[in-house]
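Chain naming follows the written order as A, B, C, D, E, F, G and H, and within any one chain the residues start at number 1.
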Amino acid sequence: MNKEEIKVLLEGVKDNKINVQQALERLEDLPFKDLGFAKIDNHREIRVGYPEVIYCEGKTVDQVRDIIKFMLTKNNNILGTRANEEMYNAVKEICEEAEYNKLGRTIIIKKKEQPLTESYIAIVAAGTSDLPVVEEAFETAKILGNRVEKITDVGVAGIHRLFSRLDVIRGAKVVIAIAGMEGALASVIGGLVDKPVIAVPTSVGYGANFGGIAALLSMLNSCASGVSVVNIDNGFGAAYNASIINKL
Amino acid sequence: MNKEEIKVLLEGVKDNKINVQQALERLEDLPFKDLGFAKIDNHREIRVGYPEVIYCEGKTVDQVRDIIKFMLTKNNNILGTRANEEMYNAVKEICEEAEYNKLGRTIIIKKKEQPLTESYIAIVAAGTSDLPVVEEAFETAKILGNRVEKITDVGVAGIHRLFSRLDVIRGAKVVIAIAGMEGALASVIGGLVDKPVIAVPTSVGYGANFGGIAALLSMLNSCASGVSVVNIDNGFGAAYNASIINKL
Amino acid sequence: MNKEEIKVLLEGVKDNKINVQQALERLEDLPFKDLGFAKIDNHREIRVGYPEVIYCEGKTVDQVRDIIKFMLTKNNNILGTRANEEMYNAVKEICEEAEYNKLGRTIIIKKKEQPLTESYIAIVAAGTSDLPVVEEAFETAKILGNRVEKITDVGVAGIHRLFSRLDVIRGAKVVIAIAGMEGALASVIGGLVDKPVIAVPTSVGYGANFGGIAALLSMLNSCASGVSVVNIDNGFGAAYNASIINKL
Amino acid sequence: MNKEEIKVLLEGVKDNKINVQQALERLEDLPFKDLGFAKIDNHREIRVGYPEVIYCEGKTVDQVRDIIKFMLTKNNNILGTRANEEMYNAVKEICEEAEYNKLGRTIIIKKKEQPLTESYIAIVAAGTSDLPVVEEAFETAKILGNRVEKITDVGVAGIHRLFSRLDVIRGAKVVIAIAGMEGALASVIGGLVDKPVIAVPTSVGYGANFGGIAALLSMLNSCASGVSVVNIDNGFGAAYNASIINKL
Amino acid sequence: MNKEEIKVLLEGVKDNKINVQQALERLEDLPFKDLGFAKIDNHREIRVGYPEVIYCEGKTVDQVRDIIKFMLTKNNNILGTRANEEMYNAVKEICEEAEYNKLGRTIIIKKKEQPLTESYIAIVAAGTSDLPVVEEAFETAKILGNRVEKITDVGVAGIHRLFSRLDVIRGAKVVIAIAGMEGALASVIGGLVDKPVIAVPTSVGYGANFGGIAALLSMLNSCASGVSVVNIDNGFGAAYNASIINKL
Amino acid sequence: MNKEEIKVLLEGVKDNKINVQQALERLEDLPFKDLGFAKIDNHREIRVGYPEVIYCEGKTVDQVRDIIKFMLTKNNNILGTRANEEMYNAVKEICEEAEYNKLGRTIIIKKKEQPLTESYIAIVAAGTSDLPVVEEAFETAKILGNRVEKITDVGVAGIHRLFSRLDVIRGAKVVIAIAGMEGALASVIGGLVDKPVIAVPTSVGYGANFGGIAALLSMLNSCASGVSVVNIDNGFGAAYNASIINKL
Amino acid sequence: MNKEEIKVLLEGVKDNKINVQQALERLEDLPFKDLGFAKIDNHREIRVGYPEVIYCEGKTVDQVRDIIKFMLTKNNNILGTRANEEMYNAVKEICEEAEYNKLGRTIIIKKKEQPLTESYIAIVAAGTSDLPVVEEAFETAKILGNRVEKITDVGVAGIHRLFSRLDVIRGAKVVIAIAGMEGALASVIGGLVDKPVIAVPTSVGYGANFGGIAALLSMLNSCASGVSVVNIDNGFGAAYNASIINKL
Amino acid sequence: MNKEEIKVLLEGVKDNKINVQQALERLEDLPFKDLGFAKIDNHREIRVGYPEVIYCEGKTVDQVRDIIKFMLTKNNNILGTRANEEMYNAVKEICEEAEYNKLGRTIIIKKKEQPLTESYIAIVAAGTSDLPVVEEAFETAKILGNRVEKITDVGVAGIHRLFSRLDVIRGAKVVIAIAGMEGALASVIGGLVDKPVIAVPTSVGYGANFGGIAALLSMLNSCASGVSVVNIDNGFGAAYNASIINKL
């Protein structure tokens, strides 16, 4: 409700076209509407083509099933992340279409078809152990309506493998670089493409890897300029971010 | 040089239109050209409208002046970051147009006018102590040819200040959120806009701030989904990143 | 035993009303009484309306049952924290009234009714995964005799949810702000209310969250001035603290 | 502006007592007023008896003087923290009443007398090296209108010194416990009083003290229940917090 | 073999009492004997009254049993630390006298009676959760032949409990102070006694305790001068150390 | 394919000895060959005498078996590291010759005999708990074709044990020093030999060992000059490294 | 004032030899005396032969001089630690006998001669850069009345240097082992002597030394059993500790 | 002195060719000689062609000059590392031939010419800011008698620069890879060459670089197998290590 609309409302009151009670009701919820909070609502609730998201870790199987049951009433696409198989089975019982990506630990429920973007997101990963994060990013990007290309097992220890896929990577509108251990992949890609690179450190490694800190610090200190970073193993966040950029 | 071009070359050799020596010369530097390294070269060297960048910290005054002297021969725009006043004075002696942003510690030499983007980058910062990072980001974004809006002193301790500028922030194509201390600004903005948010933790704070770690961790763990992060105090990197996105 | 009482005692000795041996015995335990240690005793033992507290983690089921068995002899309210279900079952066998809060992992035994405070403690939490800490704080505050208001799922990623409950939060005498991930909730609340805010970082999160360090540092560095912090996941401590303040 | 007031306004419009333009103007800034943001404004700006606060660290001498110059126009009490002597001298030039606490690095400008609280804040500190933090807390508490008692040099290495001042500490409404090194003072006091204890770790120490981390962790893990913690060396924050509690 | 003995040997050779081959054999292993390595051997192997020690953690049940089987052939006292019950059962099968301290996780096999020291070691601990470390220290000190006094549950949160046992603590020749959480006990004891205090941080605690780091740092930074520290949960090391001192 | 060979190829085309299509095919994969990528290929794939390596941790039993099944088709030696017994059993089913080193968690499949080096690698370890790392290094070094000497249980707490094996250590061409706890072994060996010493910190220890950080930092800070370090518990990496040096 | 003395006092009152007022006065300060606090007083204040200690770091030159001026009135030996040369000069002006150890940064004022212990403390150090800590320990041990032997530059990189001094080290009653970098010296000595070893990590080193953390962790994890540790660079604490043990 | 020599000695005694006193003298210093300590001596002292090394940091100008003065008497080559210009000037006064590498902070005094190795060490560095470490490694390698190739400014952000120098790198017998920021260079080189790679993390960077920790962790976690690591900025150690390998 913008300034002009309030003016019209007041004139309606003045001219007795609208009674005081009605005007009051419309003005009462004004702070939320006017401050643009509606947008937030939309942003985090249901917009056409946007899935509802539930982060399942730390929730009980019952909680996950109940939340999704409620979500189903809105007839929207649904994305559950960090879900284990038991959760999936419980969801499957109340929703036939539910699909599970075991590696990525995602539950997908597709209620509506969504047109894909023309431009695509390239998801590039260093090793096979990074696949869980790759799959989480992949499912997220797809349910958000993006075309995606996966390029995996192209770690810098065998850099020719990366080069042989460079064209696909450079063709993307935005690149997600996923790597554990020393996370050098992000810097190398950052130096080879001129697209935004969202780096995802993974917890793959051991010892002085400290559960992904090595890769995280590596990516934050990348000598290549176009790299930004999300949390360790945060495939969802990277894909969400990439999707916003891909749709700009 | 793609497959087709090589074929044409070979046929030229076969048909004696091209002699062996010439063909050899063209094939010899093929790896670099073909692998697309030329793009990298361009990326890091001189393209129309792109400045040359020099990171001055850890260099002597003489080194900075000499490097810029060499850069000047290419008649390109130049951006020096993390430069102190003494460096600026030395550069000023060899180049009249050099401008210094004292807060942002940047040296700018503008040799060519550059058309600005229509969309703009919003640089949002929590407190006045974050201004050095704001200014570094600002100068970087400008010399890269972006329209920029600065919204400063809108930290979450007085959240109404942020709300009063929300329209400007939401109007941007990409948002840079700069904050020290607990860095909560990034999460709050991430929840209020649906544009990519690049968060820059600053080293502003003391004690358990640990030179910016508090804000860095805060931003990496943002409960809002569209936030990615660059290194502490890395205004340059954030703006470079934002510029790539703004020009997509 | 104050100065005057000692004087009376000495005069009793002088006047042969008290013999030396009796006086000696009374003076012997004087240090504890006089230094006010009795207060400490009361503080940590049984005062009307104060529960006895047992921290169950790291104890065996047998130990927990035996300690509570002993406590029951004093006919006091009892609060067991960090108790698992097995512990509860063992306690239930020896005490019918024992109640278990599964989420909060608390055992409550209410032997005496207690008048509630007029002012209330607001327990505000960011996400549903913070509920275990919320419940621990809630049970602690209640058994200590406080009125409590719970406001949950108001994390800063959807800040309008927080604003819609602001009146209840501002009406409290003291606020407990519970949040994991980046813990920004504490700063935002600290900027919106002028009551003491006790922040509880939770271990909710993953990766660079480091089991709650991100939220802990965030809260310690809060840009809002009225915020103090307790240990990660320490719902009990926050509520104990809030109770002292609420009863001032 | 509450529901009733909006109703009255609308009826005024309806009855032509207020014209549309005037009503529009009053409604326009309604979000801020209604959401209670005015309170925040007051909270952070000028209320009777509340000082304006400026954190001087990281600002230039000119900036500090200019900000205080502007503050002086509002005729309010002013507190500058983390100010060096040069800053003070610059302020002194534009304001005769400015006083400097060299140890506490505070600048105080008292424009209005303020009634002191009846209850008092006890500021208890372990060693003489903690005095800068003590003084910052002391000046903050005083300018906020609190009665204060300072008890210093009562570290646990000579615990009898602490006991000899226990009465004064127990008489306070809220206690600030300041200690560096291992910060054990907070736990000992927390076990001896039943008032809220706000612990301030200081950076006093060396080696494995890590600039105050030892004391910080010690205080966060206090085995005594009524202790909450603020940032390392944050005397201002502790006193601000204590003042809110003292005035409840 | 000292200088004098070598001289005698050489004279024996000179006088043909010892033939060259025999002398050669005796001199061959001279480096070890002469450098005092024999002492080390003794130190780590069998001396009258000293137990053989086996650190069981990380070993298989079979390995523990086999090593102890071998040790039994030397007819010496044996101390197994960090042993689980399964290990104990396996040892019990081959040695009737084996005793298990479940809390302290020690296996004791006493083959020889040993006279106890006159002076005693005081083992002082903060809470009941520290008991495993107390018991490990206790069993170690006893099998090494020391008189020991245990004083437990005297944490600083109820400091009067500590004072009521002060005489026993002060009567010791060396004090072991065991505490988790914030570890303040070590500093308080260090300030109250003038005997060597060996502090043992325990991993008791949660959150910002970081598995004992809080107590460790606290103890290393103790403001009391006579405190030295061993590794987290290292009851064995503390008792071994204390035993050396107690027998000086 | 070097310059000369390309020239010959082009002349072949010119002289119609080679048709365009054939030349095209040979040139097409030139970038990889010419840039020396073939070496990398060889390096990471199959060279005579080099095993194929599979890091099994984080892979499922099925994945490990399938990958090894594929590797078997190349008739090469195979080394699986960080493999559990279940993985081994699955592999055993498809390959009779598979051998399992339970301590070292390696699977070895030897398809070809390989001549051993004349010089040897000395693998020196501090304690029996370091044996898993010793065995991983040992199996790696052997399958890579090296002669190896194992010297274990020579930790610095009983330094004479180390000295008694010094000749064997000094006879090696390269030394691997494996130690947990404080990792002092690497420095002592580094001071005693003039061969390259590759230090492997192990995660053996507890408390302030932090899973091997103590030993890692110790080794990185070694006061002896010829010591370099690999990741915690990285027996494979140390042996791979040592093998390269041993074969120089 | 012990039980017997109180009895005598009471009998004096009974027999009218002491009037009530006098008895009251004597009993009034009884808590301190009786609880043994007098010992603490003595411990931290003036006992025959014990110096008064002042930790100078973080104090101004004026403060140091004034405190020592006051100490001088008690005619006792004085030890100032972490004192710079300017402090010494100021002290020299008010006290001729003041001596300065530039390396150890100690000020010594010897007012009374003190008999030395027969047994001695061995101060053993790895490198020449550890000398400041050596000297602080040395001056502390001497002023506390101990015989001391210094054995320096015997780091483990050249372990024969250590062995050549082993007799002197083994002859001591207690050993202080001082080392920076990887701090291996403590473990090696701990394995070679059967006396209490107090290890002092120093901040000597760079990079991954982290200001002494490497040596600190190394010493805390020492594989030798008789080693306890004090704070980084804490030569004073080690010597104070050693002195207590040496005088047992 | 080997077994045979002792036998000869004993026979000399037997045959009265050598008297007991002479034999005793020769046998007395036998431990050092026999245990091979002489090698250590040589190793750390003067061997033909080996320089004497002095680590100057933390020493005074006087100390550095005096130590080198003493070293000069042995007429050997000398290497001073971490030396500032003032130290150099002082050394220059007593030794004309002293040369200073300002970037590398090394003092070189060449008393003897030394034949260079045929094989060479490749020193590869990422950026110009890494040059101080490059120069320290370079001077160390040269004075130790190695041929060296420097390849600088080949960081992975512009990976084609690295490839254009790959032949030189691959031609080396051992490679030193020096990089700050994210240190990805080591992994990339490790994947491209099959020579031992000694990685040196540098402290170049800021923010979450933590003085070189980012690069250090990155290198320790390298996904390429032939990489070992030395301390941050330890150019000397890397070169010393490389020299041992280069001379194998």
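Basically, contacts are C-beta pairs under 8 Å (C-beta built on N, C-alpha and C of every residue); 3 or more make two chains touch, one makes a residue touch a chain.
Protein names from UniProt, one per chain: A, B, C, D, E, F, G, H = 1-(5-phosphoribosyl)-5-amino-4-imidazole-carboxyl ate carboxylase.
Model, not experiment: these values are computed from the prediction.
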Each chain counted as touching chain D and chain F at once: A, B, E, G
Option reproducing the contacts of E-F, where over half of them reappear, out of A-D, B-D or C-G: B-D
Chain at maximum distance from chain B, centres defined as averaged CA atoms: E
Distance from chain G to chain A - Cα centre to Cα centre, in angstrom: 60
Approximate Å spacing (C-alpha centroids) for the pair chain A, chain B: 25
Centroid spacing, where centroids are CA-atom means, of chain A and chain H in whole angstrom: 50
For chain B, residues that touch 2 or more chains besides their own: 31, 35, 40, 44, 157-159, 163, 191-192, 207-209, 213, 216, 220-221, 225, 231
Touching pairs - complete list by chain label: A-B, A-C, A-D, A-F, A-H, B-C, B-D, B-F, B-H, C-D, C-E, C-G, D-E, D-G, E-F, E-G, E-H, F-G, F-H, G-H
Interface residues, chain E side, partner chain C - complex: 128-129, 157-160, 163-164, 204, 206-209
For the chain A and chain D complex, residues of the former touching the latter: 3, 6-7, 10-11, 13-14, 16, 20, 23-24, 27-28, 30-31, 34-35
Contact footprint of chain B on chain A as seen in their complex: 35-36, 39-40, 43-44, 53, 163, 166-167, 170, 173-174, 191-192, 194-196, 198, 216, 220-221, 225-231, 236-238, 240-241, 244-245, 248
Of chain H, residues touching chain G in the complex: 31-32, 35, 37, 40-41, 44, 55, 57-59, 201, 203, 211-213, 216, 231-234
Of chain B, residues touching chain C in the complex: 126-127, 155-159, 181-184, 187-188, 190-192, 205, 207-210, 213-215, 217-225
